[in-house]
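Please go over the structures that come below.
In the two complexes below, chain A is the common chain; its partner is chain B in one and chain C in the other.
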Partner chain A sequence: MKLEKGEISSSQLMLLVGSFLQGGLLSLSFAYAISRQDTWLAVLAALFIGLLFALVYIALANRFPGKTLMQINDLIFGPFLGKLVSIQYLYLFISSLSVYLWFIGDFVLTYLMPETPIILIMIMFSLLCAYAVRQGIEVIARICFIAIIVTSLVILITFALLIKDMKYTYFLPIFEVPIGELIQSTHIIMHVSFSEVLVFLMVIPYMNKPKQTKKSVLLGMLIGGLGLLTATIRNIAALGPLSAIVTSPSLESVRLIDIGKVITRLEVLVAMAQILLLFIITSVLYYAVVLGIAQITKLRSYKPLVLPIGIFAITLSLISYESSMQLRYSTRYITPIFTVWFYFILPLLSLLVAKLRKLPK
Partner chain B sequence: MVFLLVSAFIGVILFEVPSLIRNKHWRELIVFSIFLSIAFVMALLATIGVKLPSPAKGVDYFVEDILHLNYQ
Partner chain C sequence: MGVMLRYLTSKLKYLKLVNQYYATNQKNQAPSQDEKTPTSLTQNLTTNLEILNGFIGNNFDLVIRKFTFGEHRQTNAALVYLNGMTDQTMINESILKPLLFESVPNSNPASNHSVIEMITMTMLSVAEIKKRTLIQDIVEGYLSGETILLVDGSPEALVIMTSDWKSRSITDPKTESVVRGPREGFIENLLTNTTLIRRKIKSSDLVFESMKIGERTKTTVCIAYIKDIANPLLIEEIKRRLKDIKTDSILESGIVEQYIEDAPFSIFSTIANTEKPDLAAAKILEGRAAILVDGTPFVLTVPMVFIESFQSSEDYYSRPYFASIIRMFRYLAYMLSILAPATYVALTTYHQELIPTALLFSMSAAQEGVPFPVLVEALGMGVIFEILREAGVRLPRPVGQAVSIVGALVIGESAVSAGLIGAPMVIVVALTAIASFVVPAQTDSGGILRAIFTVLAGFSGGFGIMVGLIGVSIHLASLRSFGTPYLSPLAPLSVPDLKDTFIRAPLWAMITRPRTIGWHDPKRQEFRLKPGPPSEEDASSN
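Moving on, here comes the complex of A and B:
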């Protein structure tokens, strides 16, 4: 019995992972205030640690080919304890979904439409995501090709146009930030983008060539990570000390572009590209939540659950957060520590138990 | 506001339920109604102005004040 009838190819998985990671560009702004001019070092470190932990997730997926995360938990921990672990993962996914819904609402509210009620933006956005999720993973995977080309072009063009404003002395002194703050910043970047590759354990089983999983996931992470690194270097070189102060360094640095008073105010390009990527992130998380619930309760189709879960996620994000400062504070100091349990300890524990029990038999 | 909310939920029910009953997917219908009623209660309470406890603040309190684990 298969819940999802579509299949994605290995290159589609690669582009999906790449655009999923590149969508973390706006949430990277949480890390600039911690590790000021060394943020690009933190992105590089997070990329390497993220690749290391992606190997753990891929090992878990390759051990049980054709099974999603929820079915893997049932096989490893037994039916009862497995359900408990699956519910913890579902909590992680649905809370990240509500954070992203709040984040997109807050972003549009701050930069594009200041007078609109936030709930309206969330409803319009999640209706679009609900439509994509009802159509299946194949449809979400197909849009990634366009999305990643558009966003990579935007990053490259803005980088090229900003070259005359860049001062490379802004990178000096390197390693002046205390090592504790560099670790904290790396951890925040892992939390907002690289560790979330865990959610692809719900997508990998629907790939048509299971042998190429490792290659496509790692290449996708490299594509996304290089995009993030380029954008971070652009922001620091263009803004300098200001990048630790402004709300969204990516938009503020692109706002500096001024070529003959003709090509100006290009930040709306970045906003459009990032909204496209946030749509992909939200759809993948939404899909994982709906598919996970359908598999725990053993349904024949996940489609009826899409709209109730969407309404639930919108309400959850409205009651969870009051202001963007609350989200900022908890993402900087608290939530990265909370999610260590889900991203690092639980997958390692699962892999260890699977090795000890010599699964699959 | 409450009228809008109720009509939105009636719209969702009219959209999903007929095909479920026609195909005799009873299990799906049960799970659908459980999640829809949870969502309805939460949305109704938030609409009429009841302050629901925030799960994110609960997690923050748990990590910061009970476990004493945070960067600072």
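Moving on, here comes the complex of A and C:
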């Protein structure tokens, strides 16, 4: 029995990947403090490395068409070892999920509703995601179209309106940042954004034209990456050294827009786009976790798992972090190190083992 | 598993309810199943009349006219019809007169069977005559206004089409007024309605398929579609759902709608309705199917997509620029009608920094001395507005004016000057009210959404509005109407269909029918229809 009855088209997958990556807009702020005016270089580098990573993931998906990551693990490593690997991936997904829940709570607290308890925002948001996950991947993919239109428009419009405030001297000197810090920044961006494309191994099997996987994932990454790049350039050019200090450079830079006192306070648009994008990311991660657990435990439907997993993720995020400074520290210095195992080594290992065992037979 | 269990429990509950009634009322239960009821006519006229009487009973509008006819007045016969549903002149002139005053030619007493044939062939000047033997058919014909002619010695009856009852004349539709376009609207009579559509589409491929629904009302329901444009699967699905309706009464198309819709729990309607024949014809021509129900001027069209609510028939009759701009304003008005109070509440309660300073001053000055929080004010005004609206709809016209005066003067003017509500709130509610009438098809869902958004904004500001918007988007994206995604052509995206979504492309550019509905036969028109003066090449070739 198939757990997911919906199907998504190749263009929907492309938009899904694109909006998933554009959601990194908020978490990019972790990198600004390290690579300062060269952050756009780090984004560019991360985009290229991310495309290479994606090739590994796509190779894995194309080798086992119609199989999700959990099923692929079972096939490659055998039922027992495969489950062990699957559980590791699940840990990764659920911890990212809890991080994003914290993100949304923190973002709303900082910029919209300073006096609301964070748990209320998390509960509202995860109920929303739970509703989307229950409707299946098809519905999430359909909303993506709206999301990518809204966010791309917001990025383009704000870029155009900020041109008069931009100073190109803010980019100079290029390569002034030590190469080690540039690599560290690239690594962080990889960690928070591009390498998370791994989660789409849970979604790709439900595409109606499996042959176009490669094209649509790579194109989607390009769309998302270019969106991030545009936003980064905008932020650095508009804010300059300030971008390394503020918590959300996108919001702060858009705040500068003031055209004849008519077009002002556009940060609302950015905040709306941000919430929409975080919703897409959270829903996809949520979906992957729920579907993964259902596949490992061989349930007939993933729907009973949706609410319990949501509660679990909220709890996890509340006990993992006490403040956003803690989250900042851990995202800069701790988690990027150990997620290399999940994003890089494990998929590569899987591919190697599959090649050696000449799978699928 | 769970689905099956739920089905079983609901079935058991139903049986328990029904059986409770029959157990207590066992005596009253008609033992009709056991008694031998005749199913077809006999040779004898008196027995036949008795049988019919048993079915029809003592109705005051029942007329049984016995007479004898033939050369020597040797044959007994009877006419049975319902007074008021039949054309009396027609019965007198075209049935009784020839039978009484003209002799049956070649009447051969040896073969009684041919008397009825001869009557049909030579005497009755009525277009539609059917021969029936089954009692059920006869009763059905009689109940829909046909006249039954029974002849002694014949096991067959003639069911003569004489039905004619009073109906309203064709007037302009009350719910959908237009500045430009046909002024005629559907009426209650099904046959007139099918004629109105047929007059627009004179194609032999236009099909009207009818069926009777409702065990007691026996309402005629008619599916209209164009054979080679409509998707056959869609027609099959409509027929299947219509056949599954096992209820006693169908009084209006709204009842049919509630039995066949895809999402009965959704606040959004997944079946469109219209009162205008040109609109119904346009939808049929796009590959949709129309469902006409006898006794109502509202015709259903399926499948419905969300953007259909924002399209008006006038968009296509006026030139594209104006139509596109008006359509944009409709989207804007819809957003205003569901979001304006919520945005006002969110801004004044949580995000004061977003309001321009001068405006903030005047707003807080107006708010000064108002005893309630903005959320309470907004909800209260919302309730008052809904009450006023409902009262205005139901009341007779002269009283309606009184209501609007009370609403405008007392609640608007006096409440502000008495300091009960702030003036900005009145402006917001008035704006919302006017905006909500711009998109009539979504007025009912809009009211509910408005209340939800206002509450969300009151409790969590802009974040709440955003959560609500995403939630509504998820819901809309998950809906389907007869297989067509409700949000198409936006999500899933279908680029060729965008020509008639936010803008209305020039008519000559709309070469294809909507992909999601009429892709069965995509071509609507020829490729080069762009008008203009003859080009150089044409001129030189001439």
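Here, the second predicted complex is superposed on the first by the 361 of 361 C-alpha atoms of A that agree within 3 Å, B and C clash if a C-alpha of one lies under 4 Å from a C-alpha of the other, contacts with A are read in each partner's own complex, and residues count from 1 in each chain.
The criterion applied here is as follows: a contact is a pair of C-beta atoms (placed from the backbone, for glycine too) under 8 Å apart; a residue touches a chain by one contact, two chains touch by 3 or more.
Bear in mind the structure is a predicted one, so any value in this text is a computation, not a measurement.
In the superposed pair of complexes, A:V108 makes contact with chain C only, with no contact to chain B.
With both structures placed on the common chain, the touch criterion links A:F338 to chain B but leaves chain C unconnected. Contact with neither chain B nor chain C is seen for A:G66 once the two complexes are overlaid on the shared chain.
Contacts of A:I121 after superposition on the shared chain: chain C is touched, whereas chain B is not.
When the two structures are aligned on the shared chain, A:G78 is found in touch with neither chain B nor chain C.
Of the two partner chains placed by superposition, only chain C is touched by A:V139; chain B is not. Touch criterion met: A:T315 reaches chain B, while chain C stays clear of it. In the superposition on chain A, no contact is made by A:P178 with either chain B or chain C. Contacts of A:L276 after superposition: chain C is touched, whereas chain B is not reached. In the superposition on chain A, the residues of chain A contacted by chain B and by chain C do not overlap at all. Note for the complex: chain B touches chain A at residues 12, 15-16, 20, 25, 27-29, 31-32, 35-36, 38-40, 42-43, 46, 52-57, 59-60, 62-64, 69-72.
For chain A in complex with chain C, the touching residues are 9, 11-12, 108, 112-113, 116, 120-121, 124-125, 128, 131-132, 135-136, 139, 141-143, 145-146, 261, 265, 268, 271-272, 275-276, 279. Those residues of chain A that touch chain B in the shared complex are 95, 180, 184, 187, 293-294, 297-301, 304-305, 307-309, 311-312, 315-316, 318-322, 326, 330, 332-338. The part of chain C that touches chain A in the complex is made up of residues 350-351, 354, 356, 460-464, 466-467, 470-471, 473-475, 477-478, 485, 487, 490-493.
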